[in-house]
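Structures follow.
One chain, subunit A, appears in both complexes that follow, with subunit B as partner in the first and subunit C in the second.
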Partner chain A sequence: MATIELNIYNLVNFQSIPPDWPGGFWWHWLFFTVVIIGFVLTMVMGVIYIERRGMARMQSRLGPNRTGPFGLLQPVADAIKVLLKENIVPDAADKLIHWLAPVVAFAPALMIFAVVPFGNGVLLADLNVGILYVVAISSVSTVGIFMAGWGSSNKYSLLGAMRNVAAVVSYEIPLVLAIVGVVLISGSLSLNQMVVAQDVPFILLQPLGFLLFFAAGCAEINRSPFDLMEADSEIVAGFHTEYSGMKFAMFYLVEYAEAVAISAIIATLFLGGWRGPILPPWLWFVVKVIIVFFAMVWTRTTLPRIRIDQLMAFAWKFLFPMSLFNLFITALQVLAGWPTELVWAMIIVNFAVMAILVLVWSKLFFKLGRGRIEV
Partner chain B sequence: MLTNYGYIGLFLIAVVLFTLFMVIIPIALRFLKIVPHNPNPIKNSTFECGMETIGRTWVQFNFHYYFYALIFLALDVLVVFLYPWAVNLRALGFASFVAVIILVAIILVGYVYAWKKKVLEWK
Partner chain C sequence: MKFERYGIGIAKGLTVTIRHLFRHPTVSQYPEQRLNISRRFRGNELVWNKEKCTGCGTCAKTCPQGAIEIVTSTDMTENKYVVDKYQVDTGYCINCGLCIESCPYEALYFSHAFECARYRRSELVQSKDDMLETPERKVSGYFYPDKANKLPEQTLLVEKVTEKR
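Presenting the complex of A and B:
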């Protein structure tokens, strides 16, 4: 009994428990399962509010402001609405796949948070292959989205799903290569170890890596300007054209849960995760996640949607060569011992390298396409 | 270490149950007559902006996906090999760096060839 009380005390105080602690296993699991699911759902509601209000202000609108103070209850009202709506399944659809698609798409988005640290050692499972696990599990959502497009038996849905697969396949490579840069500096794959290694936030040591990861991450989760799979001006609503009611809400949830997940990964890899002065670690983490998400909203309101050929060319001819350059430059710097000894030199050199590479390759990008961007 | 994978496995079960629960709520509410359920042939037809669907939906698709998938496969395998190297770079030293450059160069020959053959252009 005494052990259990001690464990609860430790958990409430956000302290790490050795996983071999007798009796601690189940408490640890239960606590973090509830916390992670609650955290994701709350954050999704929060970021939906931030996105709608922030985007509205950027477009000189007011945004939702009728439900509750400042429209804060709008996500709750939406949730109740979709819960009570009729569920329509088309006759031509593949019923089973149509039903299972939201489940397959949503589970991976939650699974990512199993390895994301909320404080020093405060995470569900400190896998020593953490970031590899994130990369692997985040791709599974695509299967769910393709199931949705295929099972709907609608040409628009199928087009949207095919575009999604093409985008994910293309942007996976720069995404993963941008992570290798961080792995080189931190010397570990565990997300907690990466945060511990960040005496200087890696965004300063890896500015190019951050940009690549941000662009590729936005494309992976199909945020605008890369949201071709649900381009409403071309293919109605893409893969979720035939979904209504709660199952549509699930896809809406997936979209934002993935956005939160990518923001959390960016905050952990590049912005120092839970580290920061004065405030408690979990609050720093939440603040950083919201800052990254706000940057995504900003990109969305600033840039127009791109064409499918531009999408593919951007991944294969711009991001991929850049990520290789970034990888080898970082590897040389690590071999020269810069991350530990010459941090300031590394920051200056890497910012200069980023500026030069982006400018030169953008010029090349135009030239190779004879004035057209798409080559 | 196995404990951590135990956490992941149990968490997967919890997450799948939670997701299924969320999908099943409206079905339960339908039996309580809270959620309406009035299907008719027009409502259940495929949505295509008012047009009748012509032909089958599950048609064959652009062959271009195949090339992208092939290049993706080659590069992804390469990237997986880069991870163990990246973790241990400090211990492995400069020789491993040269070895990785050679490995990447071999794959890059294929990449450049694909670019020259205009495989990377979406048509």
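Presenting the complex of A and C:
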């Protein structure tokens, strides 16, 4: 017991900058900034390909297969097309805000990766409030999206942006409460130390927390089935109706960069991040990110879009009470010392709790609405 | 106990989509991969047999759209009609097949060709020479079962067709 504590103590004191790193902090900063930008852009291209091909196959189609072998160059072709397109700004638009919005929306998606570890201590900044930073910075994207909706001076854009703000404000609460469960077990807010603490992946210790985080995360980044803000059958394309050319490309990039970011956070918090046998840590991390993203594609293909009232009801009447229960039960278990001593008991109990809670609360949720979902 | 109300519907939907992921896509890649169309295809164009036609004009009378125009003159020495002009505006044709069914001398057929898109409206009009049977414009088996049996079998999508991925 004492040795384990000593080991954890050593790891907690682990510095993200090796002492023999040439040039110290600034080289470290430059190197990781370049790596993160490259990583995000390549991952975005990869996940766009995975999404389009995977979704097509799930819908009994083939997907893009013309550009390059197996259609691998499709994202490149799309990027070139969108770069060469004309940039159209509406006459009545608020020019400055319209111009700034894509940048404001894109920067946070990139900044999240500053605290995501690619290996043991391999990250830009090992913040001791890492997850708090993630929660805070990921909400800033909403400002960019609302700026886009407002600056376009288009009612559909504004409607989409308003829906996005409503969704983010509501889903932030279950999202954070689901994170708190993980924080309680790992005993740290730093993402790297959370991964170090995961001898058993937290998806086993926190199955309900994982489900809540996944659903709330999908809603937060407005992926289908929660993609109300760009519901093309209702409000054209939502906040980016009035965008074209490179600015539209930025929003497209934001959409997928945020999806990658949420996948990375889920992989780090629940799937053991960079940990795994044989393969190098960064490869394990990428594989896990892609697995989580594939789950997102899967749900997107399966589930129909929900209405705005259902969106609110789902957040406040389903996810919120469930996350409170989850937090309470996890806190009791941590208080009893289960995460270190009775891991197998905790796994069994938490899976049972998840099954019972989901079943009972689904029934209750159904009864509250008297057969209708929206009440 | 209805499990649909306990969120089991979502699990069902997820299994359906994941099963489709590993299944054969049902699309065909048209320009590279041509499936055989029905042997009794009611096509866009007509095929006319010059030798069998007597110029009676039944096809023109029976056409509900009036798309067939036939002009004949009398050959007094042979004592029969000569078809001077025979043209079909396939733009008006509704592919009902009444002309083929009504022809008393089995001189008119549907064509088995289906790539009949044209750039101009006027190109849709088939003149006498455009209606003869050629290797590209084969006779369809519609209303003539003996001709249908000679055509290749129709490809069905349930037969697993290999396609470009």
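By definition in this document, the second predicted complex is superposed on the first by the 354 of 375 C-alpha atoms of A that agree within 3 Å, B and C clash if a C-alpha of one lies under 4 Å from a C-alpha of the other, contacts with A are read in each partner's own complex, and residues count from 1 in each chain.
As a convention for this text, a contact is a pair of C-beta atoms (placed from the backbone, for glycine too) under 8 Å apart; a residue touches a chain by one contact, two chains touch by 3 or more.
Not measured: the values here are computed from a predicted model.
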Legend entry - subunit B versus subunit C as contact partner of A:Thr299, first or second or both or neither: second
Inset, instruction - Considering only touches as defined above, state whether A:Ala77 meets subunit B (first), subunit C (second), both or neither. - result: neither
Inset, instruction - Mind working out whether A:Asp309 is in touch with subunit B, subunit C, both or neither, as first, second, both or neither? - result: first
Inset, instruction - Could you say whether A:Ser362 touches subunit B, subunit C, both of them, or neither, answering first, second, both or neither? - result: second
Inset, instruction - Kindly classify A:Glu172 by the partners it touches after superposition: subunit B alone (first), subunit C alone (second), both, or neither? - result: first
Legend entry - Contacts of A:Ala107 with subunit B and subunit C, given as first, second, both or neither: first
Legend entry - Which superposed partner A:Arg61 touches (first subunit B, second subunit C, both, neither): second
Inset, instruction - With the two complexes superposed on chain A, say which partner A:Ile50 touches: subunit B (first), subunit C (second), both, or neither. - result: neither
Legend entry - Residues of subunit A touched, compared between subunit B and subunit C (which is higher): B
Inset, instruction - Could you list which residues of subunit A make contact with subunit B in one structure and with subunit C in the other? - result: none
Legend entry - subunit C partner contacts - residues on subunit A that touch it in the complex: 54, 56-62, 65, 70, 298-299, 301-303, 358-359, 362-363, 366
Legend entry - Residues of subunit C touching subunit A in the complex: 5-7, 10, 13-14, 16-18, 20-21, 23, 25-27, 29, 163-165
Legend entry - Contact footprint of subunit B on subunit A as seen in their complex: 19-20, 25, 28-29, 32-33, 36-37, 83-92, 99, 102-103, 106-107, 110-111, 114, 124-128, 132-133, 150, 152-156, 158, 162, 165-166, 169-170, 172-173, 176-177, 180, 183-184, 187-189, 236, 241-242, 245-247, 250, 308-309, 311-313, 316-317, 320, 324, 327-328, 331-332, 334-335, 374-375
Inset, instruction - Quick one: which bits of subunit B touch subunit A in the complex? Just the residue numbers, please. - result: 1, 3-8, 10-12, 14-16, 18-20, 22-23, 25-27, 29-30, 34-39, 41, 43-49, 53, 57-58, 61-62, 65, 68-69, 71-72, 75-76, 79, 82-83, 86-90, 93-94, 97, 100-101, 104, 108, 111, 115, 120-123
